[in-house]
Amino acid sequence: MSLLASHRSTRVVRLAGESKAGSRIGDLFPHLDSPVVLEKLSDVPLWTDVDVVFFALPAGQSFALVPRYLEQGTVVIDLGPDYRLKDPELYRRVYGLEHGYPEGLAQAVYGLPEWTADSLDKARLVACPGCFPTGALMGILPFLRAGHIRRDMIVVDGKSGITGAGRSLTLETHFPEISEGVLAYKVLDHRHIPEMEQCLDGGKVTFVPHLMPFNRGILSTIYMVLEHPCSQEEIDRTIDESYRESPFVRRVSSPPNTMGVRGTNNVHLYAKVRENRLVVITAIDNLVRGAAGQAIQAMNRIFGFGEQEGLTRGALFP
Amino acid sequence: MSLLASHRSTRVVRLAGESKAGSRIGDLFPHLDSPVVLEKLSDVPLWTDVDVVFFALPAGQSFALVPRYLEQGTVVIDLGPDYRLKDPELYRRVYGLEHGYPEGLAQAVYGLPEWTADSLDKARLVACPGCFPTGALMGILPFLRAGHIRRDMIVVDGKSGITGAGRSLTLETHFPEISEGVLAYKVLDHRHIPEMEQCLDGGKVTFVPHLMPFNRGILSTIYMVLEHPCSQEEIDRTIDESYRESPFVRRVSSPPNTMGVRGTNNVHLYAKVRENRLVVITAIDNLVRGAAGQAIQAMNRIFGFGEQEGLTRGALFP
Amino acid sequence: MSLLASHRSTRVVRLAGESKAGSRIGDLFPHLDSPVVLEKLSDVPLWTDVDVVFFALPAGQSFALVPRYLEQGTVVIDLGPDYRLKDPELYRRVYGLEHGYPEGLAQAVYGLPEWTADSLDKARLVACPGCFPTGALMGILPFLRAGHIRRDMIVVDGKSGITGAGRSLTLETHFPEISEGVLAYKVLDHRHIPEMEQCLDGGKVTFVPHLMPFNRGILSTIYMVLEHPCSQEEIDRTIDESYRESPFVRRVSSPPNTMGVRGTNNVHLYAKVRENRLVVITAIDNLVRGAAGQAIQAMNRIFGFGEQEGLTRGALFP
Amino acid sequence: MSLLASHRSTRVVRLAGESKAGSRIGDLFPHLDSPVVLEKLSDVPLWTDVDVVFFALPAGQSFALVPRYLEQGTVVIDLGPDYRLKDPELYRRVYGLEHGYPEGLAQAVYGLPEWTADSLDKARLVACPGCFPTGALMGILPFLRAGHIRRDMIVVDGKSGITGAGRSLTLETHFPEISEGVLAYKVLDHRHIPEMEQCLDGGKVTFVPHLMPFNRGILSTIYMVLEHPCSQEEIDRTIDESYRESPFVRRVSSPPNTMGVRGTNNVHLYAKVRENRLVVITAIDNLVRGAAGQAIQAMNRIFGFGEQEGLTRGALFP
C-alpha cells in the first residue's frame, strides 16, 4: 500500500482483511498515516469499481472470489500460493487441499517479469512467485537456459530476514529467541521447492531456508555444477545478456549485501566460477521484489504503465 | 582467559601481545576485572615457568618461538594457522609465505579431539582447527568415514557471527553496514578450504562463508549426496555412534539455533535425509568450540585433566 | 536454574509451572540439557523435602502457598511482586487486588543485599526487588542516605533489553517491531515506581521505562539535583564507601555498557557531577542481578554460604 | 543525495569530499547507482553554476568558502556546527577554535523550520540544527513558549541509533561492542547542550546522550516540571496549536517508536502529565529530520518550493 501510494496512475480504493477488520490502517501500522478502514473480507460484496484486485490470502481462500473478478473483467494479481503450481494434483500434495479453481491454474501467468514478460503482458490472472523462488530463479535461470549447468546438482541456501515469517507472533520471531542466532527450518521440505522446480525444466533443487536476525531481505547462495568449462567472463556475460532489458537487475562485482536492495524492487546478482563449480548469489528485499513490488511490476506491464512506475524509490541505507 | 579462570588445574601466569602491550586486561575488556598487564611480545624472553603455552598469532609469526618452547619441553597449543596444513608447499600457496619450521608441520597434531584423540593425547604441538573447519568437519566426517557420501559433491554454506571477523575495525563490521543485512565473502576462495579438504581423504569442498548480524556462533549447513540409500534412522545412528564418547556433542531433533550453544564448547548436530540428498547442520560457538574452548579441551586430554574441566559452563540464553 | 546448577551447596530437586506443566526443561529450553520435568503447580502437594523454595508467580498467586511453607520452616524467596510493598492498601491500588497474606508483608525482607544485609541474614521470607528498582536504587541510595541530593527531584530513565518483557509473545517483542527502534512504555505509570519510592525515605521518582533492541541488561540513567556542592571526588568516594564490602559492585570510570555485566550478578556504577547536577548510571543484567542472581545472593546470606557462591561466572562478551 | 534525487525542482550537479575524493558515489555506497564522482574539496574552485550549496564539514572548515558563496549570491545551507551558536566566544569554548567568520554568525538563521519560519524564508545562510537539539527542542519549545514549565529543571535523555556516530570506524561502533548493549557518552558534556540552551530563552538543560544498537533514529525523553497545574488536555492542545501548520509533525497517543519515522522528515510527539511532572517524547530519524531532510525543508521554504517537496517518502517499516 505504501508503494501504491507513490504510484502516479493508481489509487488505493479499498482494503479488506479478516482478523483486523474494522481497524484504521493508521492504527495498525503507526508509520502510515492512512484513514482507510479495513473492511471485513467475508462481508464485502464483489467490488465493481476497481480495475485490478490484489489478493494475498492463505492457501485455498481465493477460490470463491477470483473467478468472479475474472468474469467481470477485473485483472487479478495474486500474491498467495493458489495459482503458482500448474498441476492440481501437485497443489493437493503440497498444500494438503483440493484445488477449487483448476481453470485458474491453466490461465495464470507466473509473475516473474524478467522471465515471463511476453505472456505476462496479456495476463488476466497473475500468480506472483514466492520470495525464495524469486531469489533462486533469478540466479539459476540465466545458466540453466544457457545450458551451462547440470540440472540435477543445484543447491540453494536461502537466508531470509524475519519478516519472511510474517506478522504473526511465534516463538521463532520473538526477539530474544532469534536476535543473536540463526536457524534453519523446513529442511528439504519447504513448499517453495516444487514451485522452483516447476520453472527449471526438469531440474532438481536441494533447498534449505534459514531465518536470520534482521528484518528485510533474502540472500540466496546458489551452488551449481558446470556442464562444460566456462570462464568468469562467459559467466558474467550470461548474466548481462539475460537481464539487459531489466531496469531492476544489476550485476555486482563483489558479493551483495541485502542492505543494498532494502526497500527496492531491485535484484543484485553476483557470480563466481572456479573449476567446474559456479556460485551465484542474489539479494532481494523479500517485502518488495519478493512480494508487493514484483506484483506492481506485473501490473505495470499489464496496464502499459512504465515498468518502474511506483518502484523508483532508492534503497534505505542504513 | 575467561575460560581458564574457571579451570581448577590451571593458572594464567602471563599474557603477551603486540599492539596493546602495556595495557591492563581489565582496561582492554571492561567485562574482565583482571589486573594482569599485557607484556610486549617482541620483548619477552622465553618463559620457563609455564607447562603449556597458547599461541594465537597471524600466519608466519610463530616460527621463532614455537621450536624453542618445544625444545625446553613446554607443550604448545597453537590457535593460529601455522601448523594446520601438513604440506609446506600448500602452506606457501595458501598463506603466501615460506614455512619457517617445517619440522613442526610433521609433528603437529590437528586438535579436533573427537577425531584425533589418540594422537592428541600424546601431542606436544597442537594445531587447533579454524572455526569453519571445526563446524564443517564435525558434520561431514561421520558420513565420509562411514562411506555414505560422495566425496566430490560436498557443499558447505558457512554462517558466522561478526566476531568471526575479529576485533579489528573494518567497514564490514561497522554496525550500520551489517546489522540489517547479510554478506558472503571470499567466495570459493577462503583459506579454510584446503584445511577442510586435507581432513577429507581426498574429498572436495565447495565452501562459501557468510557474515551474519549477530555476535557469536557458526551455523554450517552441509549439503551432501549419498553413495547408496540410507534411512533417516541409519543417518541418526551414524551420528550417535561417531560421538558416543564425546561429552560435548549432541544430536538434536530439530534444526539447531546457534543460541543454543552460545558460550559453550558444545556442538549441536542435526541431519535430514531425502532421497539421495543429505543435509547436516552443525552449530558451534566460534569463540569457544571454534577457538579457545577446543584448545582447552586439547590441553585437558594432553595433561590428563577431565575433558570437560573449565568447559562446563552452560549456554547463555538469551 | 542454570545458576543453581553451578552452585556447590544446592541441588534443584523440583520445578513446577502451569502452562508448560509436563514438559521436560530440556525441550522448553534447548540450551539446557536437563531431564527434569515440570510438575503442574496446581497439582503439587506441599513439598517437604526442600530447605528453600523460590517463587516467581504473577501478582496474587502466592498467597495460598507461601504461608504454608513458612509454617513448616522452609525459607521462601519470592521473585514475584507479592511482598515488595509494605502497605496492603498500596498493594491493592497498584496491583488491583486485595492482599491475601498481609502478615507476610510485615515479615518480608526486601532482598537488596547491599542495603538490607542485616535483616536479610535472618529473613525467612525474602521479597526480591523488581529489575528496574534494583538498577535505580543501587544508584540513588548512596547519595540519598548521605544527604547529598534533593529527594523531590529524582528522574530515572530506565532502558531495558527485551527479555525484561518476558517470554510471552507480544507485538512489542516481535522481532520486526522492535529490532530497529526503541520505545517508551507505561510512562509515569509503571508499578515499580511505588516500590522505588518506598525505599527512598519519602523521595519521589519520575520514572519512564524503555524497551531496547537487545536481549539482556538494564541501563538506568539517574538524574539528581545536589542539596549542596559536591566535588567529583566526594561523589566517587560516596560510592566507594557505600559498596566497600560488596563483591559485586564496581565503580567504573567511563560510562558502563550493559554488555560488561551480561550474564553476571554485578552492578557497574558511574557518576558525573556538574554544578548542582549529578548523573549516575548503573548497568545490571536484568535476568541475573535483576532477578535470579540477586535471589541466590539472598539465599547465600541466609544459609551462610559464601555470598558469591554460584555467582562467579564472568560476563559473556560479546 | 538520495532525497534530492526525488525532488522535482532540483538537480544534484556536484559533490566534493576530502578523504574519498575521486571515488564514484555508486562504489562508496552500493545502494546508490550513481555515476557522480566525488571531487576533491580542497581542489575545487568556487562553483558558480549552483543556486544553493550544502555544507557538511567538521567545525572550522567552512570559514574559507562560505563567505565567498554568500558574496556571489548563492544560498548556503550548512549542516555542520559552524553557524549554530550566536556568540563567537561561546563557539571558541565549545569547539576549541577561533571563529573565522563571525559576520556569518550574526547573519545565519537557525534552520528549525517550525520555530524559525519567518526569518528562514528570507535567509541566505542557514545553520541546520544538530540532531539531538532538533529532537529536544521540538518537544520543549511548545511548553517553554507557553510558559507552562520551569526553565531550570529540564532533563533530556537522548537515545540515538549508531548512525549518529557517523561512518568512521570506532570501537564504539564495531558491531560486537554495541549490538547487545547500550552506552551513555559525553555525560553532561556534549556540544549540543549550549546549542539547545541558546534556543531556550535562558533555560538550562541536563542532557545525556546514549548510543543504541539500531541504525537510524533518535528518541528524546524529556522530563519537565510544570510551573502551574495543567491537564492532559491542555498539554495536548499546546502541542496541537504549536504545530498546526506543520505537515511533518504528528502528535501520537501512545509512546512513539523511532521505527515509525524511519526514512522520513517527520516528528512524532507524545506527552504525558502527572501531578506537576510532564514527560514529552519525540521520535525523529536523525539522518533525515536531524540532518539532510530538515536542510531540504529549509531550502524548500527559501526557494518557495512546497515545504514537503522531496520529503514525501513514507517510513520504511520494518
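First chain written, first letter: the chains are A, B, C and D, and each begins at residue 1.
Please note the rule applied: a residue touches a chain if its C-beta (ideal position, glycine included) is under 8 Å from a C-beta of that chain, and two chains touch if they have at least 3 such contacts.
Small disclaimer: the values here were computed from a predicted structure and weren't measured.
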TODO: Provide the labels of all chains in contact with subunit B and in contact with subunit D.
DONE: A, C
- [ ] Decide which interface, A-C or A-B, involves more C-beta pairs in contact, and give its chain pair.
- [x] A-B
Open item on the list: Can you work out the whole-Å distance between the CA centroids of subunit A and subunit D?
Closed with: 38
Open item on the list: Please tell me the distance, in whole Å, between the geometric centres of subunit A and subunit B computed from their C-alpha atoms.
Closed with: 38
TODO: Could you please state the distance in Å, as a whole number, between where the Cα atoms of subunit A are centred and where those of subunit C are centred?
DONE: 47
Task: Per-residue multi-chain contacts in subunit D, two or more chains - done: 163, 176, 178-180, 213-216, 256-257, 259-260, 262, 318
Open item on the list: What's the contact topology between the chains, one of line, ring, star, complete, other?
Closed with: complete
Task: Footprint of subunit C on subunit B - complex, ascending - done: 2, 5-6, 29-33, 163, 180, 215-216, 250, 252, 256-257, 259-263, 268, 312-318
Task: subunit D partner contacts - residues on subunit B that touch it in the complex - done: 162-163, 167, 169-171, 173-176, 178-180, 213-215
Task: Touching residues (chain side subunit C, partner subunit D) in the complex - done: 153, 155, 157, 159, 176-185, 187-189, 206, 208, 210, 212-217, 219, 221, 223, 225, 255-260, 262, 270, 272, 274, 277, 279, 281, 318
